[in-house]
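One structure is given below, represented as structure tokens, and several questions about it will come after.
Chain nomenclature is as follows: A, B, C and D, assigned in order of appearance, with residue numbering initiated at 1 for each chain independently.
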Amino acid sequence: MSNVQLADNITIAMARLIKDGERVFHGVASPMPAVAIQLAKKLHAQTAVYLSIPGGVDAVPAAFSSYSSADPVLREGSISDFPLSDIFDLSARGGLDVAFLSGAQIDGYGRMNLSAIGTYDQPKVRLPGGAGSAALLPTAKRGILWKTNHDKRSLVEKLDIVTAAGNTEFVITPLGIFKKSKEDGRLRLYAIFPNSSLQEIQENTGFVVEKHEEFIEFPPVTKEELSILQSIDPNGTRFSEFK
Amino acid sequence: MSNVQLADNITIAMARLIKDGERVFHGVASPMPAVAIQLAKKLHAQTAVYLSIPGGVDAVPAAFSSYSSADPVLREGSISDFPLSDIFDLSARGGLDVAFLSGAQIDGYGRMNLSAIGTYDQPKVRLPGGAGSAALLPTAKRGILWKTNHDKRSLVEKLDIVTAAGNTEFVITPLGIFKKSKEDGRLRLYAIFPNSSLQEIQENTGFVVEKHEEFIEFPPVTKEELSILQSIDPNGTRFSEFK
Amino acid sequence: MSKQTSLKTAVAAVEDGALLALGGNALHRSPVAFVKELIRQEKKNLSVIKTAGALDVDLLAAAQSLKAVYGGYIGFEMFGLAQSYRKGVQKGDITVYEHACASVIAALRASIYGIPFQPLNGFQGSELPELTGEVRYVTCPFTGEKTAVVSALRPDYTVIHTNIADEKGNAFIEGAVFEDLIMVRAAKKVIVTAEQVIDSESWTVRPQVPGFLVEHVVLAENGAAPGSCAPLYSIDKAGVVAYLQNCEGFVEKVKEAEIHV
Amino acid sequence: MSKQTSLKTAVAAVEDGALLALGGNALHRSPVAFVKELIRQEKKNLSVIKTAGALDVDLLAAAQSLKAVYGGYIGFEMFGLAQSYRKGVQKGDITVYEHACASVIAALRASIYGIPFQPLNGFQGSELPELTGEVRYVTCPFTGEKTAVVSALRPDYTVIHTNIADEKGNAFIEGAVFEDLIMVRAAKKVIVTAEQVIDSESWTVRPQVPGFLVEHVVLAENGAAPGSCAPLYSIDKAGVVAYLQNCEGFVEKVKEAEIHV
């Protein structure tokens, strides 16, 4: 399956998870969430509130940057401001519904590591750091995490460092969607993308993969979704994580 | 002596105490400080920074309100904003030079009461409250207090309630100016206005009055001061506390 | 779905016993129209958060609607004391939690930040901490310093009066914002009254209050009078004096004045 | 007296070992021209405070000028890792005090408020508190709640790059302010670089940075490049890629480029 289709699946899956009226944030290095929020707002979540680092509320950017998800283009079309510090405060007081976050490693509890591979003090690879995650993941109502690769190095039984933990509800990968189980707080398989299979996911995941109690067949991407997606992101910024 | 001259003396004395470059704040019910700051900025303190409740920096109001020192006219002519919350923060981090404050009662240590006459829980007279004083007086570098009456009910040996204490440097009344002594932290008489005398001040003050180690003859109000004062405040807002 | 509603409906949402933060400062841009409707609806046992309050707080006191005040200054500046508030406190009907204006802000910040308390630098030498119980002390775990802290104050409603609002809740304040933007963020719910309500497509200025934080928008022309709402109107001296000369009479008139919006 | 000075003079004021807060976020409106001059003047042992940093922090790492970072994210987003920073940390030359971006803000707020520590709601389940020592816990004296707190971070200098400044230090940021206004208030001293310096009498917009908080103003056209400074210029992809392909070579060129301002 082409990267184009993988990115479309992930972006559309993200959009579908956004509910109408929710306050939704993404941070740096988040091209797919940035596009997905616009998509959701054109589909079923027209009153969702879009918040991002440049601080505009409900921006409708004319285009996206392929290099940065903190670019001031993401403030275009907004009529009021709500800077990053306000967004963190909003989450801290229980007013942020969705935070899109990612990690170099994600474990079976939906915790993530973006600090280092190896140890904190003597890292093999120093990673960028969790940005807002350590404050947002435990305070936002729903964390939606994603990975552009699905392998045992990324989806691990044990994180090298727990950068952030908390309210991860979904983890989306090129192969499918995990959802945290209310039974034991562990990620279980919620949906499988058409390009993949339970077996492929099990073989490429570092933690035990079981089906979620709410497991669904992933509803096929619709023409409407694809068409609006294409009109929102004609330059394919959503593919930039796969380049 | 007329109230006009009393207010002019106090206002000019306030202006003289402002040093060039200082960051100076007044709050509610402060017509004389509001005028005095403008006067100082036209005389010797041209780079003093004027801060007030409406939040404009270095406002040059075309006129003053006789009813309120929080009036948005006090934002006129400013080119940037620094709201009240910022002013309190500035003082808290050691960046505010002068706060003009007043109290219903002031004691011999320059502490003040604007909370109540009687006890806090069962007051004879509930007063408005200290506004910013309890936070500003201990943190601003210099507190300049004033009273429009000078009697034993106002300048007392013991406050009914200590609303605020701290860095009071001067207390100005219609009769003269007290300055805190570095020796024992008590107010001592620093200057006597031309309309008064040491004896009058001693007889009308509730705490023991001694001359300050830096006692000065109050330099006569100059024509320049009076003329600029009149041009800044042609409507006599500075007299409104004496009406 | 428009958030615009009538003053009656917006006020009806406020329950007896609610904790309200009221915007504006002293006699400027405070939500007087809203307070008058609180009185008409005979709300009881309200607690009010305010840095510097005047007519808004005193009206509630005159109407016997006020249980407690968390504030730095309640008075009419050059017009004199807040007579109804003062009498209510002296009679023991109203409890004053006297703050510094700065500690009101700190307490609101705690709510903004989702934390139970907020440190601040102030109150050294003041008797207010022991008299009110509002200020306590914590030892800094980094420096060992004794640090004053206040408890979070989270208004059930923050009510602000603004120059322009739209049907989505976006609101613009011309000039002095006072503590309104802090109060808006600290509250569970926000009600905006405005001199003018426009369509959200037609903004030519940038509103400081983002609509998504706002629950109700109410058109209230002259909504801060007899206080000021710059640049539209200044303090109405005669109106304030009339109030102070007969607070109870003023309240009666307010109650008789049926509103038709 | 004008606060405008040359880049050289402003940078010369920064001492080795200084704690700097750098404005902007990621590759946007960060003070790159200032950082380049820090490198030319061979400053050593600098510590940097940043929410999300990129070229500014990495350049200092590449030039061996960086001792420590207090930050939430140091990386080039879609361009990849911050190579010099990463290597410096891996070699043990640079100490990372990894914060959440929110706790950087909290630590700066403590400085703004003149308090030794700031509570925040976050870090539940994270190992960062024990790994960095930057987050400790205090018991709320009102509720008994265990509350995370960070120590005040007070920059010796905050340096921000802005669109327009004047000779008095007033500065205007067009569009996204990022964390600049917080950093400005938290610092002991503030240096503003600007794309344009105008006369303070000629403002047609309202600057967000009041001049009295600012020490030096420096004209720095293209001062954030190859990062962006909206609406004047976007990220210069070629410039960023060239840097990442040869960080040390880039630093050498910076050092060779004598500036004439």
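The criterion applied here is as follows: a residue touches a chain if its C-beta (ideal position, glycine included) is under 8 Å from a C-beta of that chain, and two chains touch if they have at least 3 such contacts.
Just so it is clear, the structure is predicted and the values come from calculations on it, not from any experiment.
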Problem - Shortest chain-hopping distance from subunit A out to subunit B - result: 2
Problem - A-C or B-C - the one linked by more C-beta pairs in contact - result: B-C
Practice task
Would you kindly tell me how far, in whole Å, the mean C-alpha position of subunit D lies from that of subunit A?
Solution key: 27
Fill in the blank from the handout: Taking each chain's centre as the mean of its CA atoms, subunit C sits from subunit D at a distance in Å of 37
Exercise for the section: Find the geometric centre of each of subunit A and subunit C from their Cα atoms only, then give the gap between the two centres in Å, rounded to an integer. Expected result: 40
Completion exercise
Going by residue number, subunit C touches two or more other chains at 113-115, 120-121
Exercise for the section: Give the residues of subunit A that touch two or more other chains, as numbers and ranges in rising order. Expected result: 81, 91-93, 139
Handout entry: Touching chain combinations (by label order)
Key = A-C, A-D, B-C, B-D, C-D
Practice task
Mind listing the subunit A positions that touch subunit C in their complex?
Solution key: 23, 47, 49, 57-58, 79-82, 86, 89, 91-94, 139
Fill in the blank from the handout: Within the complex, subunit B is touched by subunit D residues 1, 111-115, 170, 185, 200, 203, 206-212
Problem - Residues of subunit C that touch subunit B when the two form their complex - result: 25-28, 51-52, 71-75, 77-79, 81-82, 85-86, 89-90, 92, 96, 98-103, 105, 120-128, 131-132, 175-179, 182, 228, 230-231, 234-235, 237, 240
Fill in the blank from the handout: The answer for subunit A against subunit D in the complex is residues 27-29, 31, 53-56, 65-73, 75, 81, 83-85, 88, 91-93, 111, 115, 120-139, 161-166, 240-241
Exercise for the section: Show which residues of subunit C lie in contact with subunit D when the two form their complex. Expected result: 106, 110, 113-121, 136-143, 145, 147, 149, 151-152
